[in-house]
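Just dropping this structure here.
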Amino acid sequence: METTTTEMNSSLLSTQNKSSDLKGKLIVGATQLAVYTIIAVLFVILGIIIYEGREKFSWEFISSFPTNGMTEGGIFPALIGTFIMVIVMSLAAVPFGTITAIYLTEYASESSKFAAAVRFSVRTLAVVPSIIFGLFGLGFFIQFVGTGFDTAFNGGELRWGQPNILWASLTMSLLTLPVIIVSVEEALKTIPRELREASLALGATKWQTIKNVVLPGSVSGIMTGTILAVSRGAGEVAPILFTGAAYYLATLPGSLSDQFMNLGYHIYIMATQSSDVEKTMPIQFATTLVLLILTLSLNVIAVVIRSRIRRKAK
Amino acid sequence: MKDVKIQVNDLSLYYGEKKALKEISMQVPANKVTALIGPSGCGKSTFLRCINRMNDLIPSVSITGQMLVEGVDIYDKNVDVVNIRKKIGMVFQKSNPFPKSIYENVIYGSRINGITDKRELDEIVETSLRQAAIWDELKDRLGDSALGLSGGQQQRLCIARTLAVNPDIILMDEPASALDPISTSKIEELVHELKEKYTILIVTHNMQQAARVSDHTAFFYMGELIEMGKTDAIFTKPAKKQTEDYITGRFG
Amino acid sequence: MSSPISSKQNFTREGLKKQFRLSEFLAEKIISSVAFLSIAIIFLIFIFVFKESLPIFSLGKESVKVEMQQSASVSGDQPESYGGVETEDLQPESYGGLETEDLQPESYGGVEKEDLQPESYGGVEKEDLQPETYGDVQAEPLVENNDSAEGTAKEEKSNSIWDTLLTPDWVPVSENPRFGLLSLLIGTLKVTIISMLIAGPIAILAALYTSCFASKRTKEIIKPIIEMLAAFPSVVIGFFALMVMATFFQDIFGYDSRLNAFVGGVAMALAAIPIIYTISEDALSSIPKTYTEASLALGANKWQTAFYVVLPAATPGIFAALLLGVGRVFGETMIALMATGNAALMSANPFESVRTFAATIGAEMAETVFGETHYSVLFFIGSLLFIFSFGLNALAEFYVKGKLIKKFQGK
């Protein structure tokens, strides 16, 4: 220890001269530049999308159907489709994610191999490319579950064995699961140990303690997780490319076995496969603006709630 | 010692490999206040938490020896830890009311036990708060959040909450260490009154406090029980040199 | 132990006997099984993605077809029959055939495609290129000849599927379909390298500024702003790259193909920056205060401390951040689909169009038919992506964590 200290000491002292001052300034400047570059790019993107999209952006645009081969009109069905999808997705992912988080913070012991495996799986889920979820949705939900269900109960008539809003939502729920787990876990950890002990010392069982003390204290964490998951799910396209999204539908989805239109997918289709990309440009930008407003505002809300939780924990 | 409430035989506690309590043997008399004193880190709080098996929550802890409460070994495989804790209440160093109303705090344990009758619950709240000598201060604001109370009030609320479960033994882990002198003296008075009905063990590093409230005192040092006896005796003529050094303030 | 016992018996063996609490038991079982589902999902993803790619592993002559039918029946008797003659009618687009080239939205394989791409806007031929009919399905009657083509193709390639996987030609739909993954690999690597070269330094420098130089208030402002970039959906970044960045860069560099590896790489850097930034920043901030204080106490100034003490100590974490950044870029689909041009070329030029693995799956999966070779190959690519990202994550977890632990605890 002594030797390393002196080594460091001398090496630092030897570099302490004018050229090192300059070097320091350059390094700090470079790091500063990196920060400002990122922030500038972010605002440029935001600015351009707002600027290009403002013209078309209106209540009418949001509330009307596309017309004329999707070269005119609004994005109502895409918006509604996205809403339905994130709701079904949340219904599946939130309980699932919350319970997993409860397991990890309340039941898992530190040395448990099982808990380590669960943690690893959750982190893996968070880094699996979203397109893989799409493939899984196709291979598992549609080909395996859906088709299996049709064969068993529908006499082979094709109803669930094809892309629809249910399979897309469930696929998306797998993708957003880690988001919820991480948020809820963080919130559960902010519940002071003293409260848990108080409850247990009063003769409450573990589950009673969780139900009466831990969960009520983490409601805002669950909310944050849900909002972040919704924000994420609303913007993802790859998982639903072949599990339920449709180019164009004249009607809103009437049941879970219908396909649906989706904002992100709509942007993709309009931008790459529209019959007149030039003409529909304002529509595309306005759609992008709507999606961006949706995801960003949800994110801001989540960040605000989260920072409040953190402040309270201190 | 007539009525022995708790009989401890060769109790040792390990954190993983480290032995934190070394072959503790003692008898805790019923309906008396027993103070556990000793320098910080001596194991007195750890020992206290053994009595209601709070240390079970720490995965690395293992315990050998016997802890007999009225003759029943509470570390027996067939003993239910939840029932143990209903009978052995605990008040913590830092007051820890739930972020709920005062009323809800007091009846927490009763609700857990399935009592739902409103009149019964009201009664429990009043009796417990009266016992904790805080009824007059709080009776008009039972619906307020417990977090709005002062530190001393919170601590007495926590005592009331513990009493509401109707325990037999109350463990207090430095209950007044974070309080001002006035609140502290209120807690001490309370302890004095409560021993009529309950057996109380209190951990403290304030020797005056131990002298004031306790009937018996146990001195812990480095995970060992050095000496235990009547408080008067311990404080006036301790048998062991270490005890004397500690009491006279030579270390700790 | 014959000590006298208090008269009033509160503690009896009976009263304290271990109770079985059903709700407690159920809660624990249910909670653990739900937690187990996370593990199960990982396995299921691997099994199901891999299962669908199984047919290409059969090496026998005719077995490709047989396997396909088997897998169809395994996954529960498809109402449609695959692999047979009827499938062709279901195909919405036809790829590969020379005559059909004009019809494709994106063209695969050919070299002359630049002019034909729908991504090049303002051209005149657009109308003819319009591929998809919206609303009702796959009405294109142009593929009759594919029928026999498929049959012969299958026989031909039955023994050569593994050979073709290692060739540059990605021509999945033609009389003689070839599934060469090399050009896709090159494309993916090109985009990944470009975007990491951009995102890595910028994100790490920004993280260094945030954790070492910025005041507490500045930190509280810039951190959420940069992390907000993570909230930009990739389709939005892809769209922005396609509509704005592509033209912007073309004006600067004057290259031919408007959409290329460089544009895609820059766009993906935007997606990777928040990941690398957040994780690096965490790693940098978690360096114990004593380290920096010791350095400052020795007379080192802020930047020397940051550069010679904090940065080296956080290397494992930053390495993990870069690995996860690579994982993100490698599997990114929407940006690749929209901004890279989607041409499977063997070229080292960063300004040529490329086609990545993920984009290939995204673009072609909807048009393949269950059970045919093309479908299986796409799932095979998916398995590769999955294994790769799984491996990266495992590496980041175990290797890096091990190093960190060694660094701060034991020597």
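Some notes on this structure:
Labels for the chains are A, B and C, by order of writing; each one numbers its residues from 1.
Assume contacts are C-beta pairs under 8 Å (C-beta built on N, C-alpha and C of every residue); 3 or more make two chains touch, one makes a residue touch a chain.
Worth saying up front: this structure is predicted, and the values here are computed from it rather than measured.
Taking the mean of all protein C-alpha atoms as the reference point, the chain centroid lying nearest to it belongs to A. Averaging Cα atoms per chain gives one point for each, and the point farthest from that of chain C is the centre of B.
Between chain A and chain B, the centres computed from C-alpha atoms are 47 Å apart.
Centres computed as Cα averages put chain B at a distance of 57 Å from chain C. With centres defined as mean CA coordinates, chain C is found 15 Å away from chain A. Within chain A, contacts with two or more other chains are made by residues 205. Counting partner chains per residue, chain C has residues 21 touching two or more of them. Among the residues of chain B, those touching two or more other chains are numbered 82-83.
Across the complex, chain A is touched by residues 52, 54, 57, 59, 82-83, 85-86, 89-90, 92, 94, 96-99, 108-109, 111-113, 158, 161-162, 165 of chain B.
Across the complex, chain C meets chain B through its residues 1, 3-7, 9-13, 15-19, 21. Those residues of chain C that touch chain A in the complex are listed here as 21, 23-24, 27-28, 30-32, 34-39, 41-42, 44-45, 48-49, 51-52, 75-80, 105, 118-119, 121-122, 126-127, 130-132, 134-135, 201-203, 205-206, 208-210, 212-214, 222, 224-229, 231-240, 242-244, 270, 273, 277, 294-295, 298-304, 306-308, 324, 327-328, 330-334, 337-338, 358, 361-362, 365-366, 370, 378-379, 382, 385-386, 389-390, 392-394, 397. Contact residues on chain A toward chain C in their complex (touch as defined above): 5, 8-9, 11-13, 15-16, 20, 23-24, 27-28, 30-35, 37-39, 41-42, 45, 48-49, 69-70, 96, 99-100, 102-104, 106-108, 114-115, 117-118, 120-125, 127-136, 138-140, 143-144, 147-148, 150-151, 156-158, 161, 174, 177, 181, 205-207, 210, 231, 234-238, 241-242, 247-248, 250, 264-265, 267-268, 271-273, 275-278, 281, 284-285, 288, 291-292, 295-296, 298-300, 303. Residue ranges of chain A in contact with chain B, taken from their complex: 109-111, 192, 194-195, 197-205, 208, 212-213, 216-217.
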